[in-house]
Amino acid sequence: MTAPLKDISPAERARSTSFYEASARTRLELLLDAGSFVEFIGPEQREASPHLKIFDLPEQFDDGIIVGHGRLDGSPVFVAAQEGRFMGGAFGEVHGAKLTGLLRAARQIGSIPVLILFDTGGVRLQEANAGELAIAEIMRALMEARSAGVKVIGLIGGRSGCYGGGGLIAGCCSALAVSEPGRIAVSGPEVIETNRGVEEFDSRDRALVWRTMGGKHRRLIGAADVFADDNVQDFREAALELLGLVGPFGLDRLRAEQRRLADRLRSFGGCGDAVDIWTAEGIAHAEAVPELPADQFIALANRIGRTSRDAR
Amino acid sequence: MTSWQNNRAARDARIAAGAGLARGKVVEAHDVTRLLEAVVRSGDRVCLEGDNQKQADLLSRALLAVDLSKVNDLHMVQSGVVLPEHLDLFDRGVAKRLDYAYSGPQSARIARMLFGGKIELGAVHTYLELFARYFIDLTPHVALIAAVSADREGNLYTGPNTEDTPTVVEATAFKDGVVIAQVNEIVDTVPRVDIPADRVHFIVKADKPFFVEPLFTRDPAAITEGQILTAMLAIKGVYAPYGVQRLNHGIGFSTAAIELLLPTFGERLGLKGTIASHFALNPHPALIPAIESGWVRQIHSFGSEVGMDDYIRARSDVYFTGSDGSLRSNRAFCQTAGLYACDMFIGSTLQIDLQGNSSTVTTSRIAGFGGAPNMGADARGRRHPSEPWLKAGAEADPDGSALMRRGRKLVVQIGETFGDKNVPLFVEKLDAIELAEKLKLDLAPVMIYGDDVTHIITEEGVANLLLCRTAQEREQAIRGVAGYTDVGRRRDHGMVSRLRERGVIRRPEDLGINPLDADRSLLAARSIKDLVRWSGGLYAPPSKFRNW
Amino acid sequence: MTLDDIIASLFPDGHEVRNDKGVILGSATLRSGGRMLVLGVADRTALGVDEAIRLSGHVLESIDRDSGPILVLVDSDSQRMSKRDELLGLNEFLAHLAKVLIHADMNGRPTIGLLYGHSAAGALLATGLATRVLVGLPGADPAVMDLPSMAKVTKLSMKALQEKAKSTPVFAPGLSNLAQMGAVHMTWSNARSLADQLEALLAGMPAVQDRRDALGKERGGRLKATEIAERVHDLALQAR
Amino acid sequence: MEDLNFQHQVRARAGGTRQRAIVGVVASGNLEVLVERSLPDAECVVDIKTAAMGFGAVWSAVIGDFVERYSPGGLKFSINDGGARPDTVSLRLAQAVRLIAEAGQ
């Protein structure tokens, strides 16, 4: 009666599957070459968080992150995918250590790139110190891996976005792909509202949240290099594209990033809202940017031409 | 000599008392409280337009500020008690008595105030009952209404959210009452005349547009697999066999799932054109994919929905629109349409008991009835036949004479056996009964009576109560679809399996539905953004529903 | 100890370190004779885009010009929580600062963090936690997450949280908890000359390798992290 | 948290060759089910850790019906539950059986 999903090709399935909505496991299954994924410390190992029971909270067997090895267009890649629905995809001790170990291995090998599918609210409150430290260790391991020639690509389009320390890790990646519903920031909307008041930031005004932190804004200011439509196939293609574009890391990148960020601050530091920034970028009818369909938006972003390529 | 025009004289005196504050009919916003003190008399019946969606919020605040020595002990007769100010009136003593129909967001506070004796309650009505009483024994002396714009003569344009306004004005203006309208703007020419100027006595330009809540938007992203399964059961187990074309949907997620399954699951079953073509329904965004796929022929609406204006304007073949192109809604007419011209009502509820009575009342909340009891009731006065109506009638009374047998409206309760926080849908005794005992009410606030309910659908299957011949069968049919709730686990297994053999209970597998196929990929739209795409960019959802 | 006291005690042979609106920039002469680049956040200032870009610029300017270790002094608020900072991409500015510090450390400019006051969340990640060795001074009060906010989210009372905090260092604020987790390598004494303690550290600087997870295990604060990371590492090496 | 354990003797071994499968996530109103082919053919074990206290009787009924209907012989189910409703539990269990019945390892 219903067309079984098995009958369609993996690419068609990936094309029709929303990245935002899919689970971390489904994202990996459809992102990688069919059947190529091998998980490290899978759920059957039951390496859950040792800390949640202190708070009488349920555990998840994989602690909310899946790490492993697979192939992308035939080439080997390491992958990590956060499950944004389990505790908001937040970093805890075990969760973080899985990614740290993966990056350390990638560094040692040097030639196999790493894809990180972010979906996180940041540090897991119930193990805040362990989570914060895990993020510090991941940032260190990531930069050591990049310094050893490893390409690390971040894919951002999950329901929990990429917040807190997750935003800092994303900032360390060689390149990012982001979709419209994807968000990248340090402080979450509710945190800003709680600390600074609703006049500073109305967290319930979702149009405001997305134009301040969402995928389109991040692409337009050059924080992300590729804008993906919200389906897994588009993220797969974005990952392949970025792997082809990324060059080796070095001091010149950091100098270029310093210039890039200082220039951003000079050009847009006085803007009160994303629409002001887009207008300053020379976009006519900037207020209509959130409504643009993906193809038109991509054309616009390419015309504006801001990227972080060779400058991160 | 007896005077037979006292009321008209009194009305003229009220208008004269207010005229000093007006230029023509126009009163400045800062003078409105003084206007009300001049026009309203203590003890008056006042309709303060609080609809299901649209609120005369400026007039509410102005009425709350009156000098109590001039205006007090009012009798409020309004369909919606929605704004905090509506109840502040009673706390302050401006108003004393209340007759109403719906109190959604104020349901907890209104319960507290009723217990505390702050409000003298007339009755909780359905919309149609309250509207009817406007013309019999609850006619307002003063109506405080809301419109989009007015011209200087007082002609009003109510815009897409016309809702209750024509009914309120009809009852007030033609029975010597005074009508005061708040409008968002005063213009030279209104886009269309919804209320003619001779029925309007004062107009006030509000400082900001009247408040409208988007009550009928269900984000497809929040629809669960369980709701999809119940929606599949409804389409295949009720819509299809009865051929239901004329219907009303509730506002829950299960019915939103049905709307989103029509172009996918419904299409594969070949049902297009045979079901779900004519609706009494607000402009639900979730229905956009079905409309765009050619399922829906016509929709008449109680009110509008925020963000749907441009879409409605561009789809006038489907919606009722005025000469200006925008939606014309009308709650009284649409309620009547739902009662008499629809063959099915399907909606969700909070509690169902063993007789099939249902209620949305809990012991601490009195949400009122709104329109559901009229939608979800068999219209005993109905005389025109239709296939679903006749088929349902025949199922209920197979041995009766075909020519003398009444048809039956299909009244379908749909829901999951457990609701939020694992609260069971099925109970031995409704909270409504406890509430009635506590408040010493004459009637328990039952939303839909069991004898009107024809089907109950849960993820466990479809129970067809029309086919039950005894009270015991009916109880076991209900227990049979009550799943793992206490009510469900106390079923008589033997009787339930006999009911299943007779088709009284139909499990998913009896309908050829595999619960594992109840997947979100079946939804024609899985997000608000998808709905915007289906609408060709015409649907403009309010900010709280966006993730872009 | 005030910032001035600390700097005076660290660098008795002289320094050019300025505190400009909470942003610490400068350099100093080490007792051993070499120079040390100094930067940091003072006066419990929030770390936003404007502060972060100055700090990263200070390090980058020094990288080709100078040699010697780098000191990051920390008494900050959290990251600046504002619409403007997020609009401009605060995550990139903070990450950039951390990257610059990590790069310097890996390339002959060993980094030391000195946590002498408060710090939290993103600000700590971009400063102290991005150095090779993080030193605490007595009285420092870092808080990844403060207990009142935790109480709000977990719906537990402050008392219940404080009770839980006695049995584990994993969530509660404080220098000793971070030390037990392996984040803070050592705590110096206020009673002794900071210069002595700095020289001792520089003389025996640990290797570049990040051993914080192992340290956390040795101190009984993080029992799983190092084992999990090693297992994934080994599996990954086998899988290629 | 509450721990529950159910052991059933079943009619037949579950189909398929996969050794294990996992479905669902732990979130409010949701659960994960890890299923492993690790028991003798006539046995089925279900281990549950749930955040919702006091629903043992409901779990017992749900698991009983599930075992009766699917005869999942040889399978061990391990559940982390975030307070899911019985219909969601039934659905996840059925999904787990379907997944492990697929060909594969």
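Just so it is clear, A, B, C and D label the chains in written order, and each chain counts residues from 1 on its own.
Note that a residue touches a chain if its C-beta (ideal position, glycine included) is under 8 Å from a C-beta of that chain, and two chains touch if they have at least 3 such contacts.
Small disclaimer: the values here were computed from a predicted structure and weren't measured.
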Chain whose averaged C-alpha position falls nearest the assembly-wide average: A
Centroid spacing, where centroids are CA-atom means, of chain B and chain D in whole angstrom: 42
Interchain centroid distance [CA atoms averaged], chain A/chain B, Å: 43
Approximate Å spacing (C-alpha centroids) for the pair chain B, chain C: 59
Whole-Å separation of chain centres (CA-atom averages), chain A against chain D: 33
Residues of chain B whose C-beta touches two or more other chains: none
Overlap residues in chain D, where contacts from two or more other chains coincide: none
In chain C, residues with contacts to at least two other chains: none
Touching pairs - complete list by chain label: A-B, A-C, A-D, B-D
Partner chain D, residues of chain B touching it in the complex: 224-226, 229, 416-418, 421-422, 459-460, 483-484, 489, 515-516, 518
Complex contact set, residues of chain A against chain D: 23, 25, 43-44, 46, 48, 53, 56-61, 83, 85-86
Contacting residues of chain A [partner chain C, same complex]: 38, 40-41, 47, 50-51, 54-55, 67-69, 76, 78, 93-94, 96-98, 100-102, 104-106, 108-109, 112, 122-123, 125-137, 139-141, 143-144, 147, 164-165, 167-172, 184-187, 191-192, 195-196, 200-201, 212-213, 217-218, 221, 223, 251, 254-255, 257-258, 261-262, 264-265, 268-269, 271-274, 277, 308, 312
For the chain A and chain B complex, residues of the former touching the latter: 1-2, 5, 16-18, 20-21, 180-181, 204-208, 210, 214, 216, 230, 290-291, 293
In the complex with chain B, residue positions of chain D that touch it: 52, 55, 57-58, 61-62, 83, 85-88, 90-91, 94-95, 98
